[in-house]
Amino acid sequence: MSDPNHERMEILEQFARLDIQRRDRTGIPEAIFAEGKTPEQVARMLDALAEKSGYALATRVSEVCAQYALDHLSSKVVVQHNRTGRTLHVRRHEYEPKSTGGKVAVLAAGTSDLPVAEEAKVTAEVMGCEVFAFYDVGVAGIHRLLGPVETIVQKEIAAVVVAAGMEGALPSVVRGLVPVPVIGVPTSIGYGYGGKGEAALMSMLQSCSPGLTVVNIDNGFGAGATAALIANYVAASKVK
Amino acid sequence: MSDPNHERMEILEQFARLDIQRRDRTGIPEAIFAEGKTPEQVARMLDALAEKSGYALATRVSEVCAQYALDHLSSKVVVQHNRTGRTLHVRRHEYEPKSTGGKVAVLAAGTSDLPVAEEAKVTAEVMGCEVFAFYDVGVAGIHRLLGPVETIVQKEIAAVVVAAGMEGALPSVVRGLVPVPVIGVPTSIGYGYGGKGEAALMSMLQSCSPGLTVVNIDNGFGAGATAALIANYVAASKVK
Amino acid sequence: MSDPNHERMEILEQFARLDIQRRDRTGIPEAIFAEGKTPEQVARMLDALAEKSGYALATRVSEVCAQYALDHLSSKVVVQHNRTGRTLHVRRHEYEPKSTGGKVAVLAAGTSDLPVAEEAKVTAEVMGCEVFAFYDVGVAGIHRLLGPVETIVQKEIAAVVVAAGMEGALPSVVRGLVPVPVIGVPTSIGYGYGGKGEAALMSMLQSCSPGLTVVNIDNGFGAGATAALIANYVAASKVK
Amino acid sequence: MSDPNHERMEILEQFARLDIQRRDRTGIPEAIFAEGKTPEQVARMLDALAEKSGYALATRVSEVCAQYALDHLSSKVVVQHNRTGRTLHVRRHEYEPKSTGGKVAVLAAGTSDLPVAEEAKVTAEVMGCEVFAFYDVGVAGIHRLLGPVETIVQKEIAAVVVAAGMEGALPSVVRGLVPVPVIGVPTSIGYGYGGKGEAALMSMLQSCSPGLTVVNIDNGFGAGATAALIANYVAASKVK
Amino acid sequence: MSDPNHERMEILEQFARLDIQRRDRTGIPEAIFAEGKTPEQVARMLDALAEKSGYALATRVSEVCAQYALDHLSSKVVVQHNRTGRTLHVRRHEYEPKSTGGKVAVLAAGTSDLPVAEEAKVTAEVMGCEVFAFYDVGVAGIHRLLGPVETIVQKEIAAVVVAAGMEGALPSVVRGLVPVPVIGVPTSIGYGYGGKGEAALMSMLQSCSPGLTVVNIDNGFGAGATAALIANYVAASKVK
Amino acid sequence: MSDPNHERMEILEQFARLDIQRRDRTGIPEAIFAEGKTPEQVARMLDALAEKSGYALATRVSEVCAQYALDHLSSKVVVQHNRTGRTLHVRRHEYEPKSTGGKVAVLAAGTSDLPVAEEAKVTAEVMGCEVFAFYDVGVAGIHRLLGPVETIVQKEIAAVVVAAGMEGALPSVVRGLVPVPVIGVPTSIGYGYGGKGEAALMSMLQSCSPGLTVVNIDNGFGAGATAALIANYVAASKVK
Amino acid sequence: MSDPNHERMEILEQFARLDIQRRDRTGIPEAIFAEGKTPEQVARMLDALAEKSGYALATRVSEVCAQYALDHLSSKVVVQHNRTGRTLHVRRHEYEPKSTGGKVAVLAAGTSDLPVAEEAKVTAEVMGCEVFAFYDVGVAGIHRLLGPVETIVQKEIAAVVVAAGMEGALPSVVRGLVPVPVIGVPTSIGYGYGGKGEAALMSMLQSCSPGLTVVNIDNGFGAGATAALIANYVAASKVK
Amino acid sequence: MSDPNHERMEILEQFARLDIQRRDRTGIPEAIFAEGKTPEQVARMLDALAEKSGYALATRVSEVCAQYALDHLSSKVVVQHNRTGRTLHVRRHEYEPKSTGGKVAVLAAGTSDLPVAEEAKVTAEVMGCEVFAFYDVGVAGIHRLLGPVETIVQKEIAAVVVAAGMEGALPSVVRGLVPVPVIGVPTSIGYGYGGKGEAALMSMLQSCSPGLTVVNIDNGFGAGATAALIANYVAASKVK
C-alpha cells in the first residue's frame, strides 16, 4: 500500500541535485538582481558565485553598490563595471571566458533606452556572444536603421534585442526587415496615459509582426539572455 | 443691492437663444448618435433636423434602424445610407448642398477599420469637403502609403484622418510624412492585453510625432468633423 | 536646394517593391486573421494568397466561415480544416510543401488551452517544421512533463511553445528544465480577478526564468511562427 | 408602539461591552499598525495595551520609531525589536507568555520577501505558536523545498504561511505537497507590468490548488495570525 | 562528471508516481471544472474519476451539461445534481462515503450569492464534513447573524465560509464575532464602479479583521475545500 | 469573570428587533433590486412587503418580470409600472400614501439617461415628495437649464438629482447655479476610453464644485432616495 | 438675420456679473486649495479673499506654507491654523462670523483618517455650523458608535460626514443607524490591492445603504461643505 | 529573380536622405525633451541643433539643467529661459526668426495648469505664430471666457489650445463657443480617483463637442505645435 508521506519525500529528494549545474541544464547562468539587496549582500553573492562558477554577473547595480563591491570584492577576481547598463561582471583570474561564436544584435530607440540596452548587451557578452549594438535608431529617423539591418543580415546574426519606450513601435518595424527573431523589451520611458512603459509593452504585444516576442518592462537581462540562448544554439548547430 | 435669484435668471435667459445656429457658431452641424435610440426616435429626429436645417446626419445606425428610417422618413427628403459607415444622410429636396472647397484625406490601416473610416468620410462630405479615401494602407505594407502621401501633398489637402486598431502605429508614420495635421482615431480592433482599441489609443497619445492629435476609440464622426473644420477654414482663408 | 515634396516621393517609391516576398524577407508567411471578416472575404483572400504563393493559412476561423470556405474555395486547392485550432490551411494541387528539418514542441497546460496550442502547431507545420505536441501537462500533475522534456532534449528540438491560462505557471517550469528558448502564450482561460488571461500574461512577464519570452493572450499563431522561425534557422545552420 | 430612537439606543448599548476581550472572542489579539503614526503615538499605544493585556505587538515599525520606543517605553516592560520583520514586541515583566502547542511553518521565496515572512513569524510566536521558518526556498530551486515539506509533515504542523513576490508561484507549489492549509501572502516585489505584488496576488487567486487562501500584499501580520488561529484551534482540540 | 540530460530524466521520473493519491497527499480530492468543457467531456471525466476513486465532483455545471450527464452516466453510479450550486456529485453504488466529523459553516449575504455558497457547501459535504448553512444574513439585517454565530460557537465549528458580493462587508463582520478562521469568497454581484465582485474582493483584502483570508471571485469550490481541510484536520486531531 | 460566548449572544440578541421599522430608523424604505431575481421571486417579495408596509417598490424590473408581476400580484394591491424607469410600485387598496411636502428636482442630460432619471423620480415620489423633472438639458444646449434653475429656486426645492453619462459635466454646472445640494448619478452611457459611465463618475468626483456628491453608476434609486431624505427632513423642519 | 459673433458676445457678457456673490448663489464660499501653490501665492490669495469677503479658508496647507502665512499675512486679519486638518482660517478683525444654527456631525474611523475629518469639520464651522466630532469609532469597535448616534438623533443633526480608509465600511454602518443623509469621504489609507483609498471609495459606491453619497478620496472640504449646505438649509427652514 | 537582402538594402538607403529637413517635410521642428537627460547632454544638443538650424528648443528643463545651459552654451547663441513653462529657447545671433502670420490662442483653466500652457505658448511662438494667452479662465468662473472668445473670433485666430486638469471640462465648453478647432491638453492636476490627469483626459475624449481633439497628459509641446501647424497653414493659404 502507498504511503503519501514517503512518496512526498522520495520526490523531493530527487530535487536536491537539481540546481547544481543550472547553466548546463537551461543554457543561461544565474545572475544577481541587485535592486533591493544591500551592497554587502551583493558583494558576498558575487564572490560566492564566482568561487563556484569562475564568474558572476549582477544587474541593477546602483553607484553606491558598485563602489562598495569594487572596494570589497575578493582579490581573486577581476571586476568590470558597466555604468550605463548598471552591471557588475566578476571573473576569477584563472577563469578563461569562452567565445561561443553566437552573434546577437542590440538596438535602442532613444538615449533614454540605453541602460536597458546595455544590460542586454553585457548579458549576451557574458554568455559568450559577439554583440553588435546600434543605438539611437528610433522610428523618427528610420533611415538610421540602414546600418543595423545590413549588419544583421550580412553577419548572419541569429537574434535581435530591441529596446524601446514611449509608443514602442521600433521592434515591430525591425522585425519586418530581418529574417530572425526579435525580442522586444519595453523601457519605462513615457509619461501620462500609457507612461512608464505600459504603452510600449501593449504595442509590442498587439503588434502585427509575427516573430516578435516580448519580456517585461526594463528586463534587459531577460532579453539579452534569450537572444544569446538562441544565438549559442545556432552557433553550436553550425559546428556539428 | 444684488439679488442672487434675479442674477441667476438674467444669466440664463441669455442662453435661450444660444443653440439656434450651432453650425454657424461652432462650424460643425449637430448629428444624431443612433446607438441606444429606437428606430422611431432616430427617424423622427432626422425629419425634425432636416425640417430645420435642410439636411441631417445620423451615425452608428444599425441595419434595422436604417431600414425603418428608409421606410418611414418623410417623402420630402432624399436618404443616403452608407452601410459600411453605418450612417444615414438625409436631405430635403429643395436643399442645395454647398461645396466648401475644403479637402480632407481619410486613411484606414486594415479592412476592420473601414466602418470608422467611412463614418469620418461621410461626415466630412456632409460638411462640404472633398474627401480622398485610402484604405488598407497599414504599416505592414508601408509602400502602399505612396499614393496617399503624394495625393495629400499635391492636392494641398488640409487635414488627414487616420483610423487604426491593434498597435495603432499608422497615424504616427503618416504624420511623419505630411506637412498637415493628422487626427488619429483608434478603432476597437485588437484582442488580449491592450485589445478593444486601448493599445491603439495609448500608442497615439504616446507618439513621438507632434502634429498628431487624437479622438476617442471608434469616434469617426469626431475625427471627420475636426478635419473638415480645419479644411473649411483653410478654404475660406484662400477665398479671401 | 532640397525639395521636400520630391524627397517624400522618392522615399515612398522605394517601398513599392517591398512586400512582394514577405516570407523571404522576414521568414514568416502572411496569414489571414479571420475574426471580424465575412466568410466571403476569408474565402476570397485564401484563394488569392494561394494563387500567389501556392498555399495560404487562415486563423480564428469560425465553424460557419470554415463551412463556407469548404463549399466555395477554388477547385485548384486542397483544404485542411483543424477544428480545435480553428485554422484553414489551403494548398494548390501543384504546390509541393517542403520540410525544413526544423523541430518545434508545443505544450498545453489544460484541455481549455487546446485551441491556442493547435493554432501554434498548425502554424509551425505550415512553415515546414516537425511539431511534437504534448497536451494536458499542467503543473498540477508535474510528473506528466517527463515525456515532453525527454523528447525535447533527445530530438534536439530548437524551440518550445507553452500555452497556459489561469495562473500561467507552466512556461516558467518548462523553461527551467530545457536548454532552448520557450515562448509562452497566455490563454484567455480563468475567471474573476486576473481572469481572461491577465494573470497568465502577468505571471509569464514576471517570471524568474530567463529564456522565456511572451506573445499576447491567445496569440497561438505568433507563438508558433516564432518557434518555427528559430527552428528553421537552426536547421538551416546545420545544413551548412 | 415602537420608538425608533429608543430602539437605536438599546442596540448600541449592547455594543458597549463588546470589545473588552477581543482576544477571547476572536482568537487574535489587537496589534498596532505603526505606519502613518508618530513614534510618540506608537510608544504610548504599546504602553497602554501592555498595561491592559500584559503584552503588545506593533508592526511596520520604522527604525526611527523603534529607536524612540526603545528609549521611551515604560520600564515595566521588556521589548523585543525584530529589525527585518519591523516589529516591536512588548511584554510586562510579570506577564508570563503561554505556549499554546500550536505549530506553524513560514516559508519565503526570496531574500526580498523576508520582512513579510518575519512579520508573520513574530505574529504567530506572539500568539503562542512554535514557528518553523524556511527562507530562500523559491521555485527556481525547488529541491530546497525538501526540508520544509518533510518538517511540515513529520512535526504535524497545522498551517503554512508562504510569502512570495514576482510571479508568486510558490504557494501553489507548496500547497500541492502538504496536507494542511496554505496562506499565501504576496509581497510587493516585482517591477514593470504586474509589479509591486500585483502579479503575485493574481497568480495566488487564480491558482489551481484548492486549500490555498490569500491575504493582501505585504500583510504578514494577517497571514501569521490566521495560521496561528488555525494551529491553536488544532492544538486545543488535541488536548481535549 | 555530471550529465545534465541524465539528471533531468532522473528528476522527472520521480514525478511519475506523484499524482496517484492526490487526496492523501493534499487532503482535497480532484474536481472537474465543467465551464468550457463539452457535456460529453464532463460525463466521461466523471465516469473515469468515479471508476478510480469511487466518487467524483463537477462544478459550474450548466443545465444542459447536467441533463446530458444524467442521461449518459454509467449505471454503476448514483448522481446528485445541485441546481442552485451547479454541481454534480457522482458516487459508485459500492462506494461508502465516510463522515470525517469535521464541521463547517457556510453563510451567504444575499439571495444572489446562493450559487457560490451552495458550491462551497456541496464541496465540504463531499469531503465528509457536516455543513451548517445560513443564507440571507447580509449586514443590512445584522440581527440575522444571531443564529449562525450561536451555532458556530456551540457546535464547535472549525471554519466558516462567507460568500458576499456588492461591498463585501459580511466576512469582516462575521470574523469579528467568531473564534475560528473565516474564508471570504467574493461573488460577482454588483454593478458600475467596483462591480462584478471587484469591490467585494478589495474590501475583503483590505479588511481590518485578521483571521480572514480570501479566494478568488465566485470560487465557492476553493472556499469550501479549504474550510473542509481545516475542519477535517481538527476532527482528526480530536480523535487522537 | 467574563464569558466570551455569553457576551457574543447578548450582543446579537439585541439585533433581533433591529430591522422591523427600517423606514422609521433610516428614513428610507426597503426596495427590491429585481435584476438577477426570477419574476416569481420579485412578485412574491412585492406582495410580502406590501402586506407588511402597505406598499412596495421594485427597481431594475425587466419587461418579462413586470408582465409576470402584473399577472400574478395579489388582487389586494394597485400596481404602477414605469416602463422607462423600469420600476414597479405596488400599493394596497387601503394604504393611503402621504405627501411629505418635500420637493425634489431630477435633471437628465440626454435621452439615454432617462431610465436612470425616472428611477430616481419614482423613488422620490414613493417617499412622498413632489418631483420636478427636467430632461434633455445637457451642457451642449446650456440655455435649456433656464427653466429648471428658475423652478428650483422659486419652488424652494431642497435637493437636486442630476443624471449624466459621457463626460458627466452637467452635475457640476447645475451645482454652480443652485443653492442646494446636487446628487450626481453617472449613467453607463459612453464608449471607448472612459465608457460605460467611468468618465462620468470620475468627472463628478474630480469636480471643482463643492456641494456635489455622487452615487454609483446607474444608481437612480440611491440618488432619488437621498434627495427625498433631504427634502423630507427640510419639509419636516418647516412644519415645526 | 442672426449674427453668430454678436450672439456669442451677448451670451458671455451676461456671465460677467455671475461670480460676484458666489456664496449667495451656491451657498458655499470659495476656498483656496494650497497644494501645488507657493506659500507666497497662498498668503496673497488669503489676504485678497479676506479683503473682499471678510474671511477666507485655505486647505491642504503644508507646515512650511502655514508658517509663511502666519509670518506674512496682513495685520488686519486673525489667523487660525488647524495643524491636523492642514487648514488656515483667516478673518478680518471687523468681520463678525455668524452662526447659522446648522448642525453637522463628523465621524472618523481611525487615527489616520483625522486630517480629512478635521478638514471637513473646519469647513463646516467656517460655514457657520455647530460641528459634533467623533473620532476613532471604526467598525472594529462598533460599540463606540453609541455616543455619536445618540447625539445625532437627540441634537437633530441634519447631516453626517464619515471619513474612512481601508475597506471603508463605516459610512454604510452609520447610515443604517441614523435618519439623515451621510456623506462618505474615503481616505487614502490602505496598502496593496485597493490601497490609497480605492477600496474605500469602491465600497462606499457599492454600498447597500441608500442615503449614502460620496465625494472623492481625501476630499474633506467637499464633504464638510455639502453637510453644512444641507444643515444650513434645514436651519433656515426652521426659522421661517 | 528577386534577392531579399538586396531589396532590403535598397529600401533603407532611401531613408538616408529622409530626416535632413524635418521641418520642411512635417512643418514642425525637432525639439529636445530634457527630462531624463543630463544637463551636459541637453546643452550639447541645443548647441548642435542651433548650429544646424539657427535655433533650438528644449522642453521639460529643470532649474538645474537650465542654469547649467545658461552657463555653458556657446557664446554664439542668445538664450531665453521660460521658468514657468520650463523651456529653453536658443537662437544664433545671425538667425532671423520669421513671423508666419499664424495666430494661436492658449487658455489655461487654473494656476496649476500654467506650466503646460506656457510650454504650448513658447512652442507656437518658436514656430513663428502670434500667441494670445488667457489664463485662469476655468469653468467655475465662466464669465471670464468673455475676453478670450471675443479675441479668438475678432482676431481670426486659427486654432486654440486649452490646458485643464481636474475634471477637464474647459476644452468642451470653449469648443462650443468658437468656430475653430480646439486642442485639449489634460494636465496632471487632480487627486484621488481620476487624479494625475486621468479624469481630464477621459472627459476630453468622451466630450460631446466635435472639433475637440486631444494630446497626452501634460504634452504642452504637442498641443502648441499642432495649433501652430494649423495656424501657419491657414496663414500661408491667405497669402496665396
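When the chains are written out, they are named A, B, C, D, E, F, G and H in that same order, and each has its own residue count from 1.
We adopt the following convention: contacts are C-beta pairs under 8 Å (C-beta built on N, C-alpha and C of every residue); 3 or more make two chains touch, one makes a residue touch a chain.
Keep in mind that what you see is a predicted model, and the values were worked out from it rather than measured.
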Please decide if copies chain A and chain H contact each other with the same set of residue positions, more than half shared, or with different positions, and reply same or different.
different
Check A-D, A-C or B-H against A-H and flag the pair whose interface repeats it, over half of the contact pairs matching by residue number.
A-D
Please tell me the distance, in whole Å, between the geometric centres of chain C and chain D computed from their C-alpha atoms.
46
Based only on mean CA positions, could you tell me how far chain E sits from chain F in angstrom?
37
Euclidean distance of C-alpha centroids - chain B vs chain D, Å
58
Which positions in chain H are in touch with at least two other chains?
4, 8, 11, 13-15, 17-18, 24-25, 140, 176-177, 179, 192-194, 198, 201, 205-206, 209, 216
If we count contacts the way the header does, which residues on chain A are in touch with chain D in the complex?
4-5, 8-9, 12-19, 35-37, 41, 186, 188, 197-198, 201, 216-219
In their shared complex, at which residues does chain B touch chain A?
138-140, 166-169, 172-173, 176, 190, 192-195, 198-209
Listed in rising order, the residues of chain D that touch chain A in the complex are 111-112, 140-146, 149-150, 153-154, 177, 179, 189, 191-194
In their shared complex, at which residues does chain B touch chain H?
24-28, 31, 158, 175-181, 183, 201, 205-206, 209-216, 221-223, 225-226, 229-230, 233-235, 237-238, 240
